[in-house]
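Right, I'll just put the structure down here and ask away after.
So that you can tell them apart, the chains are marked A, B and C in the order they are listed, and the count of residues begins at 1 in each.
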Amino acid sequence: MSRQPRPAVPSIDIEELVARREPGFSLEAPFYTHPDVYDLDLDAIFRKHWLFCAAEAEIPDPGDYVTIEIGATSVIIVRDDDESVYALHNVCRHRGSRIIEDACGSVGNLVCPYHQWTYRTDGSLIHAEATQEGFNRSQFGLKRINVRTVAGLIFVCLSDDPPADFDEVASKIEPYLTPFQLGGLKVAHQTDLVEEGNWKLVMENNRECLHCDAGHPELTSAYFPFLQSDVTEVPPRQQQLYERYLKALDRLAITGAAAGIPQRTYRELDNRATGFRITHFPLDGDGASFGWDGKQICKKLIGDIVDPAFGDMSLHYQPNSWFHFCSDHAVVFRALPVAPDKTIVRTTWLVHPDAVEGVDYDIPTLTEVWEATNTEDRRFVELAQRGATDPAYVPGPYATIEDDVNDFVSWYIKRLANHFGGGRDHLGLVAQAAVGN
Amino acid sequence: MSRQPRPAVPSIDIEELVARREPGFSLEAPFYTHPDVYDLDLDAIFRKHWLFCAAEAEIPDPGDYVTIEIGATSVIIVRDDDESVYALHNVCRHRGSRIIEDACGSVGNLVCPYHQWTYRTDGSLIHAEATQEGFNRSQFGLKRINVRTVAGLIFVCLSDDPPADFDEVASKIEPYLTPFQLGGLKVAHQTDLVEEGNWKLVMENNRECLHCDAGHPELTSAYFPFLQSDVTEVPPRQQQLYERYLKALDRLAITGAAAGIPQRTYRELDNRATGFRITHFPLDGDGASFGWDGKQICKKLIGDIVDPAFGDMSLHYQPNSWFHFCSDHAVVFRALPVAPDKTIVRTTWLVHPDAVEGVDYDIPTLTEVWEATNTEDRRFVELAQRGATDPAYVPGPYATIEDDVNDFVSWYIKRLANHFGGGRDHLGLVAQAAVGN
Amino acid sequence: MSRQPRPAVPSIDIEELVARREPGFSLEAPFYTHPDVYDLDLDAIFRKHWLFCAAEAEIPDPGDYVTIEIGATSVIIVRDDDESVYALHNVCRHRGSRIIEDACGSVGNLVCPYHQWTYRTDGSLIHAEATQEGFNRSQFGLKRINVRTVAGLIFVCLSDDPPADFDEVASKIEPYLTPFQLGGLKVAHQTDLVEEGNWKLVMENNRECLHCDAGHPELTSAYFPFLQSDVTEVPPRQQQLYERYLKALDRLAITGAAAGIPQRTYRELDNRATGFRITHFPLDGDGASFGWDGKQICKKLIGDIVDPAFGDMSLHYQPNSWFHFCSDHAVVFRALPVAPDKTIVRTTWLVHPDAVEGVDYDIPTLTEVWEATNTEDRRFVELAQRGATDPAYVPGPYATIEDDVNDFVSWYIKRLANHFGGGRDHLGLVAQAAVGN
């Protein structure tokens, strides 16, 4: 019945830890374990940056909503009658009750279950019972949150002063995404996976494929083994495979061009507030999916794509998401921190709006590679978390092909430095840094 | 295997928060969420005030006991051989073992299970093995706690300097309770409900019925809809109902008078240390119970009551309880804090000592309204707790008919102010404040 | 989804608490409950002293390992190809992943599951992929931990400056243990019991048998009731039992001498860093085991023992273990702290290497007394923990026959004083204190 005693933690100087971070090495332990860093991460990263939250396809109709939890902050993302998307704080202005309990659903108005204060989907209060004299409804609407949609992806920023580079990033990403007509796709499947590890370990794990050969047998059968290495010399035994790789590269360029999708790789991971990378990767076999044979897994191609052999268009977005776009489906990943040692990863599979389950696709085939990969990654994240919690842990050196991990970590350290410096150099960071290829 | 890292919480200035509380509005978030406030509540409220703990009917015979947990403090409430009630700390004076593990039971002596130190039910040590030379048994009795019984209700106060106004409150309440002969009733049923919310949200929820219409369909069928409003103008469609209400009022006054029960309402919620309210409410239909038809639910009336149409005599007691007395049963509620965000609510149904289950009453009928209401209230408390934990929460304005909530909150704030001021103005508060009607 | 608020705990002055400890009384509450004391215990006791960790019999062959968790520190204890035993930190030097997840097993090399960094069983790194230029493998071996084996028992010390008296203690204990040939025994059974109590309450409970009469009916049937008392006057009703006790004493001395085992009792519990006690106790009935009739429970005697009536050779070892050696089996106990109020106790039963389950012994008979006793002790520890958490707890006086508890507590307090004093007087403590008989 009594409360558990508080586990004491030594206090730390985070600014000092930020200042002394050694490039090329993993972070010091407190970044992965210390509750003060976790709280700082919520403030300096998750309450200050544009977070990917949901696909518009999750709320296709007026009144459709999803709720998301960013730390202790609950956000209602809801489509209004005029089709626009609002992000609202999920806290009644009467006595503070949660208004929406469910993760998703559909409403006419937003009615608080406690005393029935009633709000429109734009947040304005339209009914409150037995109010005191002088009560002014207009002062008690649900608080609004900054929200942006980019080619069918919904981003929110909890700060009143969002990073200024988002427009620029959106304008760079949009041409790649628009041909997929994401807003009109259908959610075929969605899963939530709780991983017992710090959110940065989840992101770091996503940012390298050094662990793929041994760790993801389902996934590596589709990718070519030349993706992360400088191919200066191909061993004779791989010569045939390499030629197949080059052909696949050529074909996806043609396929992409046919759909009007740019081919250029952007890699702006650590030189701006809204770090991102967008790249095309060929896939082996039929080049359409992550299965061992690369075969199409939904019969209907999406958006403007006409040739299944489009490979994998990969978008990495900081701080909290990654995406894979194929010719016949897209897979969307979103990580949100729950505790210093706990992160929730949501995966959403999108297909053509007219695709019919059991006819055009089936869920096991559609999801098997990433379901397996997610489960394997969870184990790696949890092993890394447990190691980082051990007093014997010391930062170790990244491999040559872990450069995106290093860039993610460098971005993170710069964002903290920016936060400590007052958060006024969003654009300065971009100007000073070398911009990616 | 390793301990979880400590969730950091910002430090707060509680005295400042107390000083700036805005009347008419719910409390600021830390009062509902912050562990330092929780600890202060244990010290300033639960260790300083008279708490309702149990009905005497729970320990009818010598040796009968119940244990209760007030924060980390475990209390044995036990009936001695001479019928008096003792409250003892449940900690052996040898090596500190818990003596009683069960929530209730019956003993001859209190024997520590570890090394068999043996105490009488008045706490005195009567046996200890292999003690050192010079050991003086009289110095090692179980520590006693202040205990008072009022017309069959047991109150304890952990402080050595209990609030001085308890005698006065007891003398005001006793005439209402004595006719029920509570000490001789029978416990028909008892439930414990854990609610994931701060204890004050549990109390606030109990102190208003604005949420009843939509939230408690089982309960509102029995109450008249005129209870919390100033009835200056009754709409024509309610005229008939209103006349029934007035008749019910008249009848319960007659019924009460026949049993020698005062009719006056006391409302001294925020003007004294031992805040309370006692009121009569008529019930619709037969006026005997909370069921939709108001019918008697136990065949035997209790105490001196002779007419079932007694309605609901309601006692609100601060900090931690509320009671409903009907002609044929009483329902007793007790809230105790378990954590900043967890409270345990015990509900006890009392009936005539000779009432036989299955003959005079059955448990489902006896308990259904309050079981349903408790479960619904738990949801509201938990929604409010989750909202108060959200950084977006701000105090909101109470409705006109949430005045008892406001009074509870004002009482609480005054008790904290009193605690910070040294706790010497128990009586002063009463003298300064306007006494209720 | 949000983190639980931190339970606040008042800060304490541990040095002051250490200084004012009253001999003959149990410790003040914070020693059993406060997270800061827990952290100090990990630093000053568990990271500074030689801990008993495992029997060599648990890792008989090259590549066999066990992992143990000392606070957040995970240790791999592994037998190398050359038969020597290594203790290694279970943290990969690349990105910090746990290397071994299982509690025991067998490996060729130690391969990190994340990116396959590969280490020999002596900790040296032999493979790492795609390393940066200039990477020096020799600098990235698994960190080694001090490890010692004493007559088949494995001890580790996490400190680089282990207590200097271990050699002396080892030389005193070894003659008692060597005849049992422990290293060559077979693990017949092993259990882990999580007890919801501070590790010191687990140890204190082990250091006295005042609770045995009422608390351990299975165990006390085998022991004579004269063990912990000064037998100056035997009551007539016990005269016959006492004569049996004296005969059993004589026989075990002869049995021990035949096996070359010293008879002298060492009792050096509170006068040195590596506190210990080793004693012979006769057992009733056949004198071979803890069963009610003292009968042999494995058909094969172990080591050099030739007569089953060897009684119980008991080794108490500080901070964290105790052992019982009989003629036909040994039982090994190891306690490790998990949280301020949680301890894990591992019990291991060892028998002759050629003993066959179902033929020479069966698990239920072999384990029943200590399984029952462990379970009973867990309850006592948990009752004591709950009492110590109660604000009403005050230290109580030890009984005359709780002197080993007092010595354990005194040892503990001296170790903390030593820690606060800089940890330089390991040998000084021994020199100053009176050495046991």
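Here are some notes:
Quick note on the criterion: a residue touches a chain if its C-beta (ideal position, glycine included) is under 8 Å from a C-beta of that chain, and two chains touch if they have at least 3 such contacts.
Just so you know, these numbers come straight off a predicted model, no measurement behind them.
Summary of the copy comparison: rotating chain A onto chain B for the best CA superposition needs 120 degrees, to the nearest 5.
Two copies of one chain, chain A and chain C, form a contact in which under half of the residue numbers belong to both partners. Annotation: 48 Å between the Cα-based centres of chain A and chain C.
Each of residues 2-3, 6-8, 71-72, 339, 386, 389 in chain C touches at least two other chains. Residues 2-8, 24, 26, 29, 69, 71-72, 204, 210-211, 214-215, 338-339, 344, 379-380, 383-384, 386-402 of chain A are the ones touching chain C in the complex. Residues 1-3, 6-9, 33-36, 38-39, 71-74, 89-98, 101, 113-116, 128-132, 135, 140, 143, 339-341, 386, 389 of chain A are the ones that touch chain B when the two sit in their complex.
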